[in-house]
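See structure below.
Labels for the chains are A, B, C and D, by order of writing; each one numbers its residues from 1.
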C-alpha cells in the first residue's frame, strides 16, 4: 500500500503482533489508565520503582497498532532504567512527536538520549491524528510514576 | 419624502400630534399594559364596560406615531360601542394588518364592519415591522376586556 | 437501479468532485456530518453579499427582509417535520444544545430526586450526558432499555422500565448501527406511562420523511449539518404547551419581553428560547438544504438508502464472509445505510488509516456512544455511512479498500 | 483625513456596493451586526466546497485537515486577544451563550444565597438576565454601578459596591452610548475586593486592540458577527485555572473523556466546553475575519473611529444644535463611534423609518439595554453606529436624512 510504509514499519507491526511486557503488576506497583477520547482506546500501565529504577513494567488494555507498539517499545526501553533517564526519554520521545513543552514551544531534542527502536515511530508525525495514539502510553506512564 | 405618504397620512400625524382620549380611568375600570419588545414602547389601555357597552376608554403610555395614532383612533371608534361590535372591529382591523386567524390562515374581511378613519392605517401593511406598532393597542384592549 | 440519479446529485456537491492525491474522494462519513450542495453554499454567500442584516431588532427595509428570510427558514423546517406551528421550531446551535435545552429548562423545572429517566443502550452521548448531569445535581435515576443480539431495542420489559418514568429519551436511528427504532410505538408507550417522549432525530430527519404529529413526540432534536445544511445551527421542536410552560434556558437579548433592575419577563415563542443573535446566515443555508431535500423527495431518499444498504450488506458479506462483522439489523426495512464494521480483528484506527490511502473516508472511534461500545464489547468501530450522494460504486470502493487492509495486517 | 483607506475597504464589502431602490446603502448599524468582507464569505464557501469535513473525530486526511483549520482559527483568536493559551479560547454560538456559560457553570458552582454580583446600569441584557436567573434560583443579590450625567460609569462608590461581591460583570464599551469603560482599572478593583471580573467585550474587540492579560480579566465574551465574521459563532475566553476548575455546561459528544452507564468524566480544555459538533465553517470564517482585521491593524481601526466619532459630534451638533441630543461622553478618547440620538422629540421608530427612505440604516429600539433606557428616561433611542467601512460622507448622509425627518414631523 503506497504511502503507508513510513507509518507501518515492519518493527511496529512486529510489536503490534507480539507485544512485549503484557500483563499486570500487583500492588504496591503503581497503576494508571489512559484514555484516547478520539477512539475510545484504553491503556493500563503498571510500574514498579525500586531504588530510583524501573524494576518492572507491564502494559494492559487494547488499542491500535500505533498505540500498542508504542507501549510495547516503551516498556522495553524503560525497564531497568533509572528514573532521570526515563524522564529524559519521555521528553525526547514527545519531542519527536512534535509535542510542545510546558510553555507551548517546540522542544529541542537532547541528542544524547537514544531512542533505539522507538525511532521507527517517527513516521507518525506525518499523521497528526495518530500522534495521540503514539503518546498515550507515555502520558499514562507519567501518571503512574506520579503516583509512586 | 417620496414613498412615505402611504404610511404617514395626514390623519395619522394629526392623531399622533393630538391624541384623543388620553389619560387614565380609576378602578373598577379594567387596565392592561402592552409591550412592544422590538422598540420598548409601552401602552396602557383603560376600559369601562357597562351593560355590554364600552362606556369609557382612555389610553396612556408612549409610542411611535403609528402606535399612538392607532390607539387614538381605536379609542374613538370603540367608545360607546357594544362589545360584539368592538370584537368584530378588532378582527377587521387585524385582518387589514394581515394578521392571520387562530389557525394561521388569512382572515376574510367582514365588509359590513366599517373602519372609518382607521382605514388610513392600511399603508402600514407595506412595512411589516410597523404592524406590531399598529396592533399594540388592539391587543392590549383585548387583554383589558378579558379582565373585565 | 436506484431511485435517485446519484450521478446528477454528486455533480451538485463540489467537494465530491475534488481529487485528493490524484484520486476521487469516497466520502462515507455522512452520519458524522454531510457534505453541502452548491445551492446551500451559494444561498449563504448570496445572503451575506446582498441581504445580510440584523433580524428582529431593526426597522429598516434591509433588516425587515432579513427577518423575513430567517422566519421563512423556520416555516420550511416546520413543514419539513410537519409541526403544527412555526413557533414550535427553536433554532439552537446544534442537536446537542437542543437536548441540553430540554434537560436544563424542562428537566430542572420538572425532575426531582428519585425521578426516573429512561434511556436506551444505543443513545448518543448528547442524549445521555445532559441527563447524567441531573443525576449528579438532583439525584434523578436513569434506567436503560437493553438491546437484542441484532442491535434493535429489546422491548420485552419496556412497560416495567417505563413504570414511574417521567422522560423516555431515545434515538430514532442509531448513529452506530443504523438501527431504526419504532418511534411512534415508543412515543405512545411513553405516554401511557405518563412520560414525555424526547426523540433524538439527528440520524432520522436527514434520511426519511419526518412527521412529529404522526409520531406523537413531545420533543425532537436534530442538526442541520447532517442534512446538507451548514454547521452552527440545530433544531429543537417541542409541543407548544410544553415550550410555553417551561422556564427559559439561555438569558439575554431577544428572549425577553422586559428587563428591570429587579427581574425580567420572557418573550413569546420562539424568541423565548433564542437568546442573543441567532445563526442568521446558517438558517438561510438550512432553508436551502430543506428545499434541496424536498426537491429530491425524502421518500425517494429513504428508498435509495434502502437500496444502498441492501447492496452493501450483500457485497460485503459475499466478499468477506466471516472476516467481516456488520453490527445492527440485516433487514433493510429497520435500518439505514450506516454500518459499523469489524474486519479481521484490525483495529478501527488502523483500518480507517488504510482506507484513507484510497480516499475512502470512514470514521473510526466510539461515535460518541461509549455505553453502546461496551455492549458490543469493543472500544471502537470503523463506520461507513452512506447518503443520497453515494452509489453502489462507493460500496465497491470500500470493499476494495478492505482488501488492501488485509494485505498489510493480514 | 483618515487613517484607513475607507474607499478601498468599502469595495471589499459586497453588500455596501448594493443599491436598494436605486440608492446606495448607508449602513450605520454595525453595533448590532457588521457586514462581511468578500474574503470572509469566500473563506467559508471555499471551505465548504473543498475541505469540509468533521473535526476531532475522524482520522482520514480530509478530517485531519479540517481539524487543523478549526484549531488554527482558535490560535488566531488567541493571538487576537493575547490569551496565554489557545485552549483558553472556547467557541460558543454567540456572546450570549458565552456569558450564560459563565453564569451556569461557574456561577452555579460558586454562587449561593446572598452572594453579590455587581453589574452596571449600562449592561446589555446578555450580561444581566443570566445573573437574574440566579437571583430567582439561588437568591443571589445583584447590585448596580450607577452612571454619570455624560454616560460614564460613576465609580465614586465602587469600593463600597464591590464589598463582598463575588463577580463584577461589566461591558468594555456600551452598545447604546459608545462609552468605553476603564477595563483594566475595573478588573483590578474587582480583584482587590476578591471578585471575578467578567468583561462583556462584544463592542470592544471589533473596534480596538484587545489584551486580556493586560486587562487582567477573568472571563471575556464577544461575538464573531460584530467583527466582520459570520453569525453562529462567539467566543468565551477564560483564565485556564478557572476553566479547569469549573464543571461543564452543555453535555454531549466531544466534551467527555468517558461515558459509562453510571456517569461521565470530562475532556480536557477546550473540548470540555464545546459539546456537540461545533460551528466549523463559522470558525474558518471568523479566522478569515481576524486576518482581515489584523491586516488593517486594530490600532488603525480605533484611530479611524476616533476620527469618525469626532466628525459626527461636530457635524451633528453644528447642524442641529439643541434639536439633537447625543447620549454618552463627548470626549472621543472615552467613546467609540456609536451614537444614540434623540432628535426633535421624534419617536425613534419614526425616525429610523424616515432615514430608511434614503437607505440610512439605523436601529431604533431599546438595544437590549432596558435598564439603561430607564436611566436615560426613554423607551427607545435611534442609534447610528459606525465601523471601519464608514466615512465622513456617511455622517453627512445621516445629517441630510435627519433634515427630511424634520420636514415630516416638524
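We take it that contacts are C-beta pairs under 8 Å (C-beta built on N, C-alpha and C of every residue); 3 or more make two chains touch, one makes a residue touch a chain.
If you're wondering where the values come from, they're calculated on a predicted model, not measured in any experiment.
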Chains contacting each of chain B and chain C, listed by label: D
Approximate Å spacing (C-alpha centroids) for the pair chain B, chain D: 37
Distance from chain D to chain A - Cα centre to Cα centre, in angstrom: 45
Distance between the centres, which are taken as Cα means, of chain B and chain A, whole angstrom: 76
Centroid distance [mean C-alpha coordinates] between chain D and chain C, Å: 31
Junction residues of chain B, two or more chains touched: 38-39, 127, 130
Interface hub residues of chain C, defined as touching at least two other chains: 57, 59, 63, 256, 258, 349, 353, 364-365, 370
Full enumeration of touching chain pairs: A-C, A-D, B-C, B-D, C-D
Residues of chain D touching chain B in the complex: 347-350, 353-354, 357, 364-366, 370, 373, 379-380, 404, 407-409
Complex contacts: residues of chain B adjacent to chain C: 35, 37-39, 104, 127-130
Residue numbers on chain C that touch chain D, as the complex places them: 14-15, 18, 20, 25, 27, 29, 32-33, 35-36, 38, 40-42, 44-45, 48-54, 57-63, 92-97, 99-100, 103-104, 124-126, 128-130, 132-133, 135-136, 142, 144, 223, 225, 230-234, 248, 250-256, 258-261, 263-264, 275-282, 349, 352-353, 355-356, 359-365, 368, 370-371, 374
Residues of chain A defined as touching chain C within the complex: 1-4, 7-8, 13, 38-42, 62-66, 127, 130, 133
Chain B partner contacts - residues on chain C that touch it in the complex: 56-57, 59, 63-64, 67-68, 85, 256-258, 267, 271
